[in-house]
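Across the two complexes that follow, chain A remains constant while its partner is chain B and subsequently chain C.
Entry: the complex of A and B
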């Protein structure tokens, strides 16, 4: 089972089965489509400093590239210039490139050991698509190819009109490093990391992203081994040996490729107990039973709370027995999901309600219709 | 001809304790004990003793000890005592050596070289006494995705086959009525029903008295087609086509005429007293297409309401064969390893043909995944399980469930004396002699079975909880939770696990 996954991280990176981390997560969405810059989200995540240890921080921002929204924004990190030329050779061969350039950063003493960070706005070349292959499927294949086969190159963001910004450091430093105050987004998601086993590697920070889907995660997935083997049957190659990556791929498979609803997704990732299923009315019971029978290998077992986002949704979810914290809050059109309640109060005066969902119960924030937002992929 | 065979065991009687009750005399069907009224003494003919410990267990004063005959044969690494005795036996009889139960040779037992993981710090372990812990398992073909068609009652899920629901991932292996007594069959059936799992009829048909346990019965269709008729198929919860058996891959079966009593002849639909011979192959299956035809014939005959399993012996190409079986339409692939039990098999075949189940299982699961068809069938493995540790490791390697044969017999009293083929089982299991078979009370035997499986289930829950997992499907195929100890790179690669410390 360890065949075929060339490990595309620095050689000093330990080859642990997966990543073990405790973390902070935070997400905010303006359901009316109003945009804010990165300052509030940085402030919020910084408030949960206790939950991270400076070995990883990251953000996902939606709505930041409105002028190039038709193109996939491929954001890559490279070990060195050779890796960059290898990857660019592949990118130019496979895509029409509308724009390319380094990701703007500011140098600050807190952030060091920086890889080369570049972004490319691309569209698949129609001649490259296989028969009956959609552009999204092609993108997934291309991302897998770069991450598995191109030494020293790693795609950390591949959606449209969105971007992931992440690295080694405390999240507030990573935010300043990437100059997030210069971006305007209607959804921001953030992560502060407390890994116990991995040396800092930029690719290992959260969010994990594939197409428009981003996942930030607090916890450890005990079922990782089988989740990963199941996803391998569907062409997903887990290159990072981290459990968060499997969540991102599972979400892509279930929502985009298999067309499940968010409620179904929650029933797969944090399946209700059989005891609960047996008590449901017939129709629901049959569906819940079928979901567990078919997707048992994608049940995420172990403690987790996650925020999954795409261009129109932000979903919070905890494991079935709720071993990690998660709270939700609402202020008019703003929706918040966070590991703790305090940061919401810190950045929002008008908080109307906060609540704690039960284990396995998804919190779903969705863009209002008429906000001019195109439905995200699979939404 | 003077026999050169040394008795395998010594039977020692403490004469001071012995009260001449003759229990031992009556209990030993091999007639090793003899009471001499004139001398008021009990004598032993050790050459008849097979070490089943029935007399020892039942002697009211614990006057008996049975131990290995300490007589030494000359030291020789090649010519061990077993080799010498086997050669003498064949020189004296000119026959093929027969034996019962599974291969007990010193082949590596990989279960003993694999260890499990547990959570520490970053991931809380779960206490199954306080928290939910789920072992429920479904066997049958499942689609890759949920795609429901139609509405209301007519709703069906594309690609979803009929499913067997198991409350614990353990079932009882195929053991035929004929090889074992009716009471033993009844005990297995009752226990399966009580446990919410299944037992397997083996190839001997199903007595009508047991139809009431049909919802917990897997009915086998083997090369002899004994006892296969419409009601039999109808009575079952699932059907199993038996291609091979781990204890004797490549050969058929033979139930001697003496064992074919009236009831057995009725159940098997053969004349009383005639030998029941299962040919080595199914004579209507000479290729994979033929197998597919039989699978579909059975599905058709049961209106597509029952999963069809295909059971094979673990051999070198199991992975490719299993893939063919899945593509031929089977809902379950059952694989029986070299250590699997039997009522009777030629010793040389049992001990030399086939491969260990651990390796076959890992190879089959890998292959079905590589071909993207793992969901299309469940994998059930058999042959060589001794405790819940073995079972949970099999699940982590990729099995959906296991079949327990020998452990079930052991729970009911079997002492693995390997004399099943004689029909004189002193424990009332592998016999048709009414005097012997009434020794096994189906109700008590069922209780013993239920107790053992409940205990194993509980141990599995404890180990799952220790790994921070609360549903068995999160361990199934999760080989990262396993490590090898003292295994070669090659073995680790085939098993798909890392070495401990890695």
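Entry: the complex of A and C
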């Protein structure tokens, strides 16, 4: 269906005028809850243009739908009108819909082969919930249903008061296409893609999202197969043909459903080597051993640097031996996480400190209490 | 991308003053910037001041003349890659791959640098005032009189000197008490040539297999005094005080640490 159709990469698939490199990731969070529009984050990610090749760009923005914050913002891409009516039939049957309409875009020559892009502000119909099923669990089930069973339709964003905007193109073009200068967010996360193992298509651009969780990723997850099979046991079905999808679902499973701390999450995704575990003090050693034993199938093998975000947190993490770059910076209440140092300085004159996190050790920016920001799922 | 050398005619971007060249790198793509640098070096410039550098890669790459390049800002990855002769001075932090396969010349960074500093470096010297990230001096090498040098003022992260084949690395640890050891792990993994000098100690668990720790001998101390002297000349500080901190030397036990790993 999708892949190979209008969703696919543009015809000029290889751009030879390009140095081969890696993806770019960038995140910024105002821990005081102050909001900015999409211009700084676009400027920052565009500064790392060498790291992407025009086959994927995307953004996650938190705090952008304050008037409809009680509703899940379902953002979907459709192959055609038939796919839209099939999906809308399901949405009307399953949700109370507060508002629906096309996502505003601007026509620019750099972004082509565009799917239909719609958003729906929804609340689960109480009659649809299974016994003891929470609204979040219901949402995950509904997203999986659409992605797996409704031909030509994909959910690319399903959180509250947040949205993912992504597609095939350089990130700065995708940002202009989605008119991100018109949105005000306290957390912005961005990605420029350089796909190496799978095709560049609209659904495969980053961020990957489920509920409030968004993940952007530079690297490759060589354990994708075992991670995907493990997640399928918990109802997550990978349909987007990009390894990063497993990280988004693993984060939802571990943080929201299993209630792990961020440190424990890091211990699962980027588990320390056994020889390091052997040298930990007793209590920590037992904990690390237990996490590796229980969640061995969610160890992310291979090089990665990622930014995980939800409504109250922004987390940076690399693989345990740091095979991909990540640098953090702080300026007052602003926290930055980036593939490279320069873009942080480019958009922030007053950067007080920048540092390189150690492999496997998470960098966590947390929303200050009293900012009126509701905790995101699992937080 | 088209390289717009016309911009060299624009005095706001490119200004010449008695063998001194000023470049405003705002909005310049690295290919334009590096074309300007190479052209100015060929035209006989002795000093280049480059302002508003934000992430432009490969600055100084392939330049084979002894010019001095002063960078104000944050140069991008692979600063001075394959460089052969120039001196580069950076007033703030540098990114990944400083001095990648550099052949000769000198790089002085007044801030911190990222990962893989001095990767595959073949000659010349690099001085970093602050810390460096992962895998500094990975596969640094030496050949006859070409003996590269990397001096790090503060600390390094894991895999310092991974697969190191030659050259000299010094980690001064000025961000901690001399009694407090270097925290980096897997130091010298696969090292089979060259020498690493650490001011302060290191936990043997953090060393790669096949690395031997010893007291520096007089010839080592002489080299260290020279390098510490240069470090203090660039960044300030008291060489005698730094030397008093006490060093250990890391060197490979064997030139073929994995010789018997796959062949029995």
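Here is the rule we go by: the second predicted complex is superposed on the first by the 354 of 379 C-alpha atoms of A that agree within 3 Å, B and C clash if a C-alpha of one lies under 4 Å from a C-alpha of the other, contacts with A are read in each partner's own complex, and residues count from 1 in each chain.
Quick note on the criterion: a contact is a pair of C-beta atoms (placed from the backbone, for glycine too) under 8 Å apart; a residue touches a chain by one contact, two chains touch by 3 or more.
What you see is a predicted model; the values in this text were computed from it and never measured.
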Inset, instruction - Pick one for A:112: touches chain B only (first), chain C only (second), both, or neither. - result: neither
Legend entry - Of chain C and chain B, partner touching more chain A residues: B
Legend entry - Partner chain in contact with A:233 - chain B first, chain C second, else both or neither: first
Inset, instruction - Pick one for A:85: touches chain B only (first), chain C only (second), both, or neither. - result: neither
Legend entry - Which of chain B and chain C A:321 touches, first, second, both or neither: both
Inset, instruction - Check whether A:279 is in contact with chain B, with chain C, with both or with neither, and answer first, second, both or neither. - result: second
Inset, instruction - Go through the superposed model and pick first if A:261 touches only chain B, second if only chain C, both, or neither. - result: neither
Legend entry - Shared chain A contacts, counted only where both chain B and chain C touch the same residue: 17, 321
Inset, instruction - Enumerate the contact residues on chain A facing chain B in the complex. - result: 1-2, 17-18, 20-22, 196, 219-220, 222-226, 229-230, 232-234, 257-258, 260, 264, 271, 273-275, 286-287, 290-297, 299, 301-303, 320-321, 323
Legend entry - Partner chain A, residues of chain C touching it in the complex: 1, 30, 53-55, 57, 73-74, 76-77, 92-93, 95-96, 112, 114-115, 131, 133-134, 157-159, 185-186, 205
Inset, instruction - Note which residues of chain A are touching chain C in the complex, please. - result: 17, 19, 47-48, 50, 276, 279, 321-322, 325, 327, 340-343, 345-346, 354, 356, 358-359
Legend entry - Of all residues in chain B, those that touch chain A in their complex: 119, 121-124, 126, 131-132, 134, 136, 138, 142-148, 155, 157, 160, 163, 366, 369, 372, 374-375, 467-471, 473-481, 496, 498
